[in-house]
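The first chain written gets the first letter, and so on, giving A, B, C and D; residue counts start at 1 in each chain.
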Amino acid sequence: MKKLLLVVGLFLCVYVQLSASSLFWVEDVPWDEGKALSLEWNVPAETVYLQKADSLGAWDLIYAGAEKKYKDSEVNPQQLYTYRLIVPRPEIGDSISFIATAKPIEQWFYLHKLSFLLILLAVSFAIIYYVNGARNGKDYFIRRITALDSVDEAIGRATEKGKPILFVPGIGDLDDIQTIASLTIMSHLAQKAAEYDTELIVPCRFSMVLSASREVVKEAYLKAGKPDAYKEERIFYLTDDQFGYVAGIDGIMLREQPAANFFLGSFYAESLILAETGFSTGAIQTSGTAQASQLPFFIVSCDHTLIGEELFAASAYLSRDPQQLGSLKGHDFGKVLVILFIIMGVVTEMAGWHWFKAFFEGAQ
Amino acid sequence: MKRNLPLIFAFISGILVVISEFIPHRPFSQMVSTLQDWFMIIAGFAIILGQISLFQANLAKIKEKKSGWYFYLAGLLSFMLMLVIGLLWGTQEYRGLIGHGEAIQGWLGSKPFDYMFDNAYMPLSATMFSLLAFFIASAAYRAFIIRSFESNLLMITAVIVILGRTSFGGMLTAWLPESFKFWHLPNLSDFIMEYPNSAAQRAIMISAALGIIGSSLRIILGIERSYLGSDK
Amino acid sequence: MSFAGTFGLWMAVFFTFSIFSFLYKDNPFYKFAEQVFVGLSAAYWLVYLYYSIMLPNLFSKLISDFKGNLILLIPAALGIMMLMRIIPKTQWISRFPIAIMIGTSAGISMVRYAKSDLLSQISATMINPFAAVSVSAVIGNFLLIIGTICGVYFFYFSKKQEGLSAVPSKLGIWFLMISFGASFGYTVMARISLLIGRLEFILKDWLHIIK
Amino acid sequence: MSVNANSQTERRIVFLVLLLAVALPLIFPIGWKTEVSGYTKMAWNLIESTPDSVVVIFSFDYDPSTMTELQPMAEAMLEHAFSRNHKVLAMALWPQGAQMAEQAFAEAKKAYPDKAYGVDYINMGYKVAGIVAIQAMGRSMAEVFPTDQRGIKYQEIPMLKNIRTLKDIAYINSLSSGTPGIKEWVMAGRDAYGTPVTGGTTAVSAPGFFPYVNSQKQLHGMLGGLKAASEYEVLIGKIGSATTKMDAQSIAHLLILIFIAVGNVKAFRARRRRDAI
């Protein structure tokens, strides 16, 4: 730490020396990854030209205009950069130039992300607090989510008809949290399907999703006490291609005629193709996504739709696992916080105290 | 061990990523992009798993002479064809194992991989995508029925915006006097898009973000672990 | 036009019609096109991934400068561990790369969504509703603030929504419905454009009916 | 929701009618006039008010996937520029943009057969590196484009004799469907060198650029989507592909509204019948 202070101190001295000119100065942008320098000048001129020395010392024009400042984001940390400001003086037919140098520095904290860190910590601690509460036997209430009450009915109907269930875990890869939320819902469904002896079809778009899906379904069959009923080949990969995947699923819907379709996860334009084809086969359809732009299509074409966050609440709702319910309670704490902040923000903006909003905006 | 050790790995990698968001200093500042590059590489290996699954599934169907097995044969053959020509002669930008195949290029007009891309893959993909035009019409026909108050709201705004987006929507209300300009259909539909629509989109985004933060935290802390399967 | 060009054109036309035929009902043409599509595209992405990711980001780097890129052995090892799934006995090994990938994704999503979808949307809603030029914009601003708050409240799970507390949630649903209707209507144009694009191909490039 | 044979037939009728509604206006253009919006008029004004014989840049920053919307814009604006006797330098920040430019020139040449390559227009082809390429053009155009698409040396192109940097260009028109595109031109072209920039983009991405059409005129108006393209055709008095496609759009929209109405009448009747029993 001492060394760090010393280094920072040294840099400060150096740059105070170098930027002694009060007409043109260059500073490191504070609290960042050392990838930006801020340049300012105070000269009476309509247009100024700003140049930067490249690695060979040749001057490159980087700005021309009437502004009084410029932020250069094309710099690397710990390298010295030299800038030249040219101020044309048409009355004497000449120009004046100023030179300044600076070195961008890497720091250890993004100060402008403070509000972001605080809000993230607040929500996380709330979730951990409520999960802990649940572990200690506290019981949390969860309101009805209509779309999920029909899951049993859908599986029941498939059983009655002797038709399979189709589960599409979205078109996102495993790096999409919606896909993982979808897999947790799938684990409940697979268990139910195993209990009812109904076949489950899971086409996957990505290999990693395929691997995880197989693990999830296998475990669900094990839990239901029917490990022998698990058929690995019914959870399969189609193609990495968005519309190729959809063409394949459409074919499955037409030929296997599943009695219940589940489209849960991340969906893009293909949502309506899937939902409309599914509708034409007469299946009961349950869908859910956090992709706001695709929700309208699921709403109009499916029987039940999980809207936005309901997708993430679904596994808590279905399993009634106290820890999951606790975490949900934590999200709700976040919502109260959000509503309060918005109201406070609107009030402070109306009162003219812009620092409040600015504090939150700092995070971008 | 087969399950707990991976959970510890998940915990460590998750926490590191979150911390690195707030630290501008190296190596933290480059952590996320490095890990994302790694993800691509791992996915590059993993894609083979899926392709083996596809290959085996099609092969099984052909062997068992399931109904329509020749379609699966066609699928298998197109897979092999695309793979082989892609590896042998490469793509537009990349050299293949046996070069650029100038002779074939002269005959086909482009590399075989690109020829197949332009004349088979592209039309298939674009046509599949364009089916949406038909489905959006049939969905509107079937679902936009006057029923409850909520479904009426859905239908009415849809109608206003559909009208407002075309030329005749403007013609329809062009006679409105200046003081009623707000009700001019293009203006009205812009207003709906800008205010009530943004409000709802924001609400969905904010609450879904909370859901994602919660789910992520559960994953990092190991509360959500079904993706790993069972111990046995 | 050369033979290859003509053949390519007819192939494209054949596939276009085969997919369209699905709108009438399932038929052998669609089945054929579907399987070809799945097969072609699966191989396409494999080849694409090999040339644009595996080759430049891994193999070329390791071949040209092995020592300098030792760190790349980590993802390579994880990738190979992923492939252990092929053998049933070693399947459990693939849990390590999966766990690491999911852990990282969870971390990335957590910060990314907290920033772009939570924080920036909150601050974007902190507006002075009266700071607008027209009456309609002032009303709009109020709708924006009220709609956002009620919409967020609609997703509040840990309270029964009845009596007075049902009012904001009801309002929230109304806003959601208006938004869904609006997005639906807004998308129609883009979707029709897709069909126009396909018809242009048939009418212009193939049949030369339109210029 | 159970589906019977009846509703399957209905679906097919919906599909067939829609297909006809989109195809027929493409074959038999109607030529409905569209109300011209402010942003389109601004873009038109820039080209209209620029004096003749100057050199201008058309940057083709898109590929075939967004051709339906952007190609008609390129054609209409190109014809307008030709009619004002501007000398057009075409380039592309997207690899396939150069082909798009070729097609647009071929279309515009139908109306202006006298325009000569190298004298009235030129295609410099694709340039990598987006914003960096634009910045380099601000220093020296000849360095960025040693030759044109066909291999003619920069110094030997008649229309570029007096063109050294971006500052010698009268205006820039970027037709873009993403990055790099309009934004890069505004930042590196207009903000750094003061060359006016206008452009066109898809309907989906248009709202993101509206903030640039401000009092500082970072963008001199812009075209968003097919509708704006057809407005531009109205301004130059041409029934082009945008107008035709917009006719198809309008009819399809109208048809969907009719579908909704028919669906409601049917549902209303069914309810009455149910109530009567």
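Details
Rule of thumb we're sticking to: a contact is a pair of C-beta atoms (placed from the backbone, for glycine too) under 8 Å apart; a residue touches a chain by one contact, two chains touch by 3 or more.
If you're wondering where the values come from, they're calculated on a predicted model, not measured in any experiment.
Comparing mean CA positions across the assembly, the chain most remote from chain D is A.
If each chain is reduced to the centroid of its CA atoms, chain B and chain C end up 3 Å from each other. A straight line joining the Cα centres of chain A and chain C is 13 Å long.
Centre-to-centre, using mean CA coordinates, chain B is 26 Å away from chain D. In chain C, the residues that reach two or more other chains under the touch definition are 19, 22-23, 31, 33-35, 37-42, 44-46, 49, 82, 85, 95, 98, 101-102, 104-106, 108-111, 113-114, 118, 122, 125, 145, 148-149, 152, 155, 176, 179-181, 183-184, 187-189, 192, 194-195, 197. Annotation for chain B: residues touching 2 or more other chains are 18, 21, 39, 42-43, 46-51, 54, 124-125, 128-129, 131-134, 136, 138, 140, 142, 144, 154-155, 159, 162, 165-166, 201, 204-208, 210, 212-213, 215-217, 219, 227-229. Contact of a single residue of chain D with at least two other chains is seen at positions 11, 15, 18-19, 22, 227, 249, 252-253, 256.
If you sketch which chains touch which, every chain touches every other chain without exception.
Across the complex, chain D is touched by residues 60-65, 279-282, 284, 303 of chain A.
Residues of chain B that touch chain A in their complex: 18, 21-26, 29, 39, 42-43, 46-51, 53-54, 56-57, 60, 124-125, 128-129, 131-132, 135-136, 138-140, 142-144, 154, 201, 204-208, 210-219, 221, 223-224, 226-230, 232. Only residues 10-11, 14-15, 18-19, 22, 32-35, 227, 230, 246, 249-250, 252-257, 259-260, 262-264, 267-268 of chain D touch chain B when the two sit together in their complex. Chain D makes touch with chain A in their complex at residues 1-3, 8, 11, 138-139, 191-194.
Across the complex, chain A meets chain C through its residues 115-116, 119-120, 123, 140-143, 145, 174-177, 180, 207-208, 211-212, 215, 238-241, 243-245, 247-248, 250-251, 254-255, 292-293, 295-297, 299-300, 307-310, 313, 328-329, 331-332, 335, 338-339, 341-343, 345-346, 348-350, 356-357, 360-361, 363-364.
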